[in-house]
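After this come two complexes, each holding chain A, first together with chain B and then together with chain C.
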Partner chain A sequence: MTIEEVDVTIIGAGAAGLSAAGEAARMGARVVLVDDNQHPGGQYFRQPSPQNYKCKSLVSEKDRHRFVQLLKGIDTPLVRYCPGTTVWDIHDQFTIGLADGERSRRIRSAAIVISAGARDHVYPFPGWTLPGVITAGGSQNLIKGMGIAPAAPVVVAGNGPLLLVAAANLVSVGVEVAAVVEASNRPWNIVRHAAKLIHGGSNLGLAIKYLKILYKSKIPFLRGYGVIAAYGSECLSAVDVAPIIRNGKFERSQARRITAKTMVTGMGLTPSLELPRLLGLKETSMPLRGGPNIITNEKMMSSVFGVFVAGDGSSIGGVELSLVEGRIAGINAAIHAGIGASESMQLSLTRDLSAHRRLCKFRSGLERVFMNNVDWYDLLTPETIICRCEDVTWGKLHKCKEKGLITPLQLKAATRIGMGRCQGRNCLGTLAALTSHEGDDPTKEQEMPRTRPPARPILLSELLHEQLPPPELPDDPHLPRQQD
Partner chain B sequence: MNANGQLNFRFDGQEIIGYAGESIAAALIASGISATRLSATGMPRGYFCGMGVCWECVVRINGINTVRACRQVVEDGMIVETVNAAEKL
Partner chain C sequence: MDLPKVADIVIIGAGISGLSVALPIAKAGLSVAVLDKNEPWSDASGANAGTLSIQVKRAEVLSLIYESIERWKRMPEDYGIEVGFGQPGGIRVATTEAEYNQLEKSVEVQKNKGIDVRMLNREAVRQLGPWLGPNVMAGSLCLYDSYSNPLVAGNAMVAGARKLGGVIAGGNRVSEIRRNAMSDIDRFSIKTVSGDTIHASHVVNAAGAWAGEISSMLGVKLPMEVDVNMLTVTEPSPPIFNRVVTHVGGILSLKQLPNGTCLIGGGWQGRGSVSSGTKNIDYERFLHNMRVAADVIPKIRDLHILRTWAGFEAVAPDALPIMGQLGEDDHVWTLGCARGGYSLAPALGARLAEMILNPSKRDTLLQFSPQRFAP
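Let's look at the complex of A and B:
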């Protein structure tokens, strides 16, 4: 089998990936667009299940139109769209490994755009594994994508803009929401950050719309509070909420109980970094933009020459920013592949760059509205599950530490934490934070379990069908192999 | 499947109604079922992330143990069952 060669490979067909593919194709680049979902659109432009849409549709006319435009952009012979296909390896900055459920194959290109999106970040707390406790994104997927309302009454609790969107959407489709619990006590304090927020344009209008829905609904809105525990036997039946005091700890003596069958939770989103980490792209920590972020330049190029990263998979910025970053990355990836930009493409790039600056300002204002100093780890008890796949509790980790096993790798070997099916997606962030909390030498960088292929679970049968020798494992995936 | 796109499958023996295009997790939640897996230590688990990354919604479908209910679309006549993570050991 020969390796397929194209100009640009784009990973992820969400807001960022679709716009990158559209722009690269508009420049005349041959593009492969790979996405492991069956349908294009990613987490935002989700296609509702057609026949059984019980909820009122939440997709606005504007978004419907924008999505049609995005699909038109990739409807050209220049773009080969591969749905239901997972990128499980990026061998080097030119070659990626794909698996489509039946076989695995490779594609080589002059430039790669990684637009793999983000996922909800949830700090563990007692009872968070109970059925009925779901993420804000999970709630959005149910009501927006499936037209199905989660079991009521619902408590919405956590931190960040997506949580309020989820709360407002639940109210809009008529679900009984018992309370909205936001850790920051500043969500109404938009005025203070107005100078930055004003850059948001229609984004700001949307945020105000959501706040209005919540305000009108008269649902109890607890600011500066958090859920300290969830209860239930087979599934969720109640949660305890408590105020957060100055030092970021929870005031348990003032806890009160709220009946709930569903708890929608999340403390923001965090970029999905499996693929960037396979290539060892340079990262930086941006607490207000989802924690670990990929460093990119104004072309959206990462620390590795020819690898572009766009959208929430690079830094949390929301759908508008993802669309703009996707366009910038798409154009620059095509230029990188040796395709000249016409004057009109240059012009649209300039426009996108100024939109990018404006939206970044908005985003930093928005994040400041939700900023807090909560010590979420204050919620841990010995019984709290940290690793959902292997049922490793905080108590078990603590016992290991008393025996002198303190690094993430030692704890992994001793408890199997991070070795389950989710490949550490649920727990490695927590493990890193908990071990650095009490680490002996804060100046020494934590040795975390490495990211290795497969970046996503694939079937052995898919690999067996690969007609090429398997890739050599790089010596150190954290070291970029070729620098700009 | 009937004209409304309605179809039927079984979850642990119970007849469940689903609709074309719906995920198994969504159809179960619409029927009031949220616990669909038993963890390594026997705790009930279910739909959490809704996007295929947490693996908490894993169910057995027609004998295959590793299907994520949030990513699998319902099909007529599917036999869906709770997976007990402890059993495999």
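Let's look at the complex of A and C:
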């Protein structure tokens, strides 16, 4: 049994992954680019599958061109692109278990770039599990990837720049948007942080374009409001919105109802943490950047030697930052694998580093604009579901708390929260927030359930294809076993 | 959780062993505090498939096994707790000629010890388990084989002990045990890393993989070795099989729980050590474990694996239970058991509680006494 050896394995073929793969290959590294999507591009460069595409394309000319360039970068014999493939295990320095839905295999890699992107941050609120309530990322996928328009009227609600993108894209494809509900209400912050925002480059043009679309369409734009509940018998029929007062609570007496068949909830993104947590990469909490962020140095290397993390999978920053971080990580991962950097590569690395600094300034400006102190958890009722896989409600968690079970690990054992099909991908963030919210010492770092292989569920049959030497079985199965 | 200043009995280790002693002692009305350096149920008890199989036990412990399974079954009546107990009966399979011979021998031994178990030929085993794979050539059946869901039993036992007034305190690593020779009620001062002290008249070492460490604090050498057991759980599925399944040759324990998930274990070894604190999955052994499982019940191939995990298990050199007075002092006790510890703990725990409470019971089960390792 031979295990394929490569220089750099890149996990995720979105903006960061594609640019990392291109740069590593340009250095001469043998690259494996793994992506669990069937097509490259990730969320931002998502391409419609032609057979079911009905809406007009939302990809700008500039992005189309950039995407073609990225694909050219990986169109070399040095890059092996594996679509529809999941990384389910990483152990040692580094053996990687890959599964493609049919079979599992292992490769060995000198360096790893994790560019696994982000997912929508979801806050539970009464009615959030009703059919018709979707995330901003989900709405973008429907429009961009499948050409499906969500049922109108649509209420777009939440906080952050992604909300504007989702709303503008809905308008662009002709969907009736009943209202845009944004929690933050600090328009003067645009002026206050203009010095930072000015570094946004092409981001600024895009923001103005989206705002123009919304302004022209005359859609009611509620600033300083939030959705407090969603209603409907079988699927969504209306939402209640209420203003947010100074202390971050909702003024329920002023709530009003808006008819909606779809609610798009955009609370920002949060990095995909399965692989970083499987590897035990050090994290830091960045509430304005999606919560738990992976700590990286200027090479984009994490706390584990040889593991690089780039793009939204490390810290939420958007496509421009992802492209730059991907390039920096790709070059450094190739260097880590023992490949020397030419002078021109060194030069391009220097350019990328200064672009990175500029974009980080823009990001912190943008974060200030959308900053808020909303107490979203104030919306929870005893019936509100926290963990969808195991049907764990806020009331159930609260009962455990009364019995003295307060830590995430205790609550997991007591209620099965996070133990279902999604293994906590959607609810552990909420659980972490709720337990620190409730605990007597909010600064104390709480121990979260560990991520164990498989990082994503895999079919047992996939594991049966790998050829293995016969196992060494103990002569007497009762006696203590030999340890490695 | 605040620790009490005084307890009649302090138990170190809140796994299956420690809690099995705590429950009868608390029920007898004594004050008991169980300390664990991690959350309760963190290691061998949690990384356990929960199989209460009579057929895979060593002959030396068969005398206790009926009693122990009966105690598992009676937990709702005895302590008002639901431990996810089921008694579907178990099939132990053989897939080769050599395994067949081994199985026959083992069934003979079990019968001689009074266990109700019988051989099944290829046709009979398939009739009972039409879901078994074609490589299964024979099996043995014991209708008393059971399971208790380790994912619920831990919390249930903790809750049961608390209801009886016991203190179960995770996150309390013991740093020092001091003997106060002059006093009877305050015989021991047990200090934790966080600086708390409990005074107790009895100490029970039920620390599993850390039992050796705790014994040293008490001045007794206990030669324990440590395994790293791996376990795997699948997504829920409609019923595929309805028995507890074990294997003569391959290492396997397999069951489908009422929520539809399948627990796959058997004792394949992960990687790690107590000293480094790491307990990880071994890739190849994990694959072997899945292969044996799919060979015995082919239909589980179509299930997704959701999670694997691993935990430390302490094993005595002869792999028999360790139970009884530890060293010279009849106020110091120990309980631990690998290779069936989960099945046997309720019986061993109850017997140890009797020994502690009643000096006339102290000359029983001497074959499991830690004195057998005394130099």
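Here is the rule we go by: the second predicted complex is superposed on the first by the 456 of 484 C-alpha atoms of A that agree within 3 Å, B and C clash if a C-alpha of one lies under 4 Å from a C-alpha of the other, contacts with A are read in each partner's own complex, and residues count from 1 in each chain.
We adopt the following convention: contacts are C-beta pairs under 8 Å (C-beta built on N, C-alpha and C of every residue); 3 or more make two chains touch, one makes a residue touch a chain.
All values reported here derive from a predicted model rather than from experimental measurement.
On the A-aligned overlay, A:A151 touches which partner chain: chain B = first, chain C = second, or both, or neither?
In the superposed model, A:A151 contacts chain B only, not chain C.
Per the contact definition in the header, classify A:S237: touching chain B only (first), chain C only (second), both, or neither.
The answer is neither, since A:S237 touches no partner chain.
With both complexes overlaid on chain A, does A:S364 touch chain B (first), chain C (second), both or neither?
neither
According to the stated criteria, A:R421 is in contact with first (chain B), second (chain C), both, or neither; which is it?
A:R421: touches chain B and chain C.
If we overlay the two complexes on their shared chain A, which of chain B and chain C does A:S139 touch? Say first, second, both or neither.
A:S139 sits against chain B, while chain C stays out of touch.
Let me test your reading of the model: by the given contact rule, A:R388 touches which partner, first (chain B), second (chain C), both or neither?
First partner only.
Examine A:G97 and indicate which partner it touches, taking first as chain B and second as chain C; both and neither are also allowed.
A:G97 sits against chain C, while chain B stays out of touch.
Applying the touch criterion given at the start, work out whether A:S348 contacts chain B, chain C, both or neither, answering first, second, both or neither.
In the superposition, A:S348 contacts neither chain B nor chain C.
Name the residues of chain A shared by its contacts with chain B and its contacts with chain C.
Correct list for chain A: 420-421.
Name, in rising order, each residue of chain A that touches chain B in their complex.
Listed in rising order, the residues are 36, 38, 43, 49-52, 54, 119-120, 129-135, 137-142, 146, 148, 150-151, 234-236, 272, 385, 388-391, 420-422, 425-426.
Over in the complex, which chain C residues touch chain A? Could you list them?
Touching chain A from chain C are residues 1, 39, 41, 58, 151, 154-155, 159, 162, 170, 225-228, 234-235, 249-251, 267, 269, 271, 273, 280-288, 290-291, 293-294, 300-309, 315, 317-319, 338-339.
Any idea which chain A residues touch chain C in the complex?
89, 91, 95, 97, 106, 403-405, 407, 409-410, 413-414, 416, 419-421, 423, 450, 452-454, 457-461, 463-464, 466, 468-469, 471, 473, 477-481, 483-484
In their shared complex, at which residues does chain B touch chain A?
Chain B reaches chain A through residues 4-6, 18-23, 26, 29-30, 32, 34-36, 39-41, 43-56, 58, 66, 70, 73.
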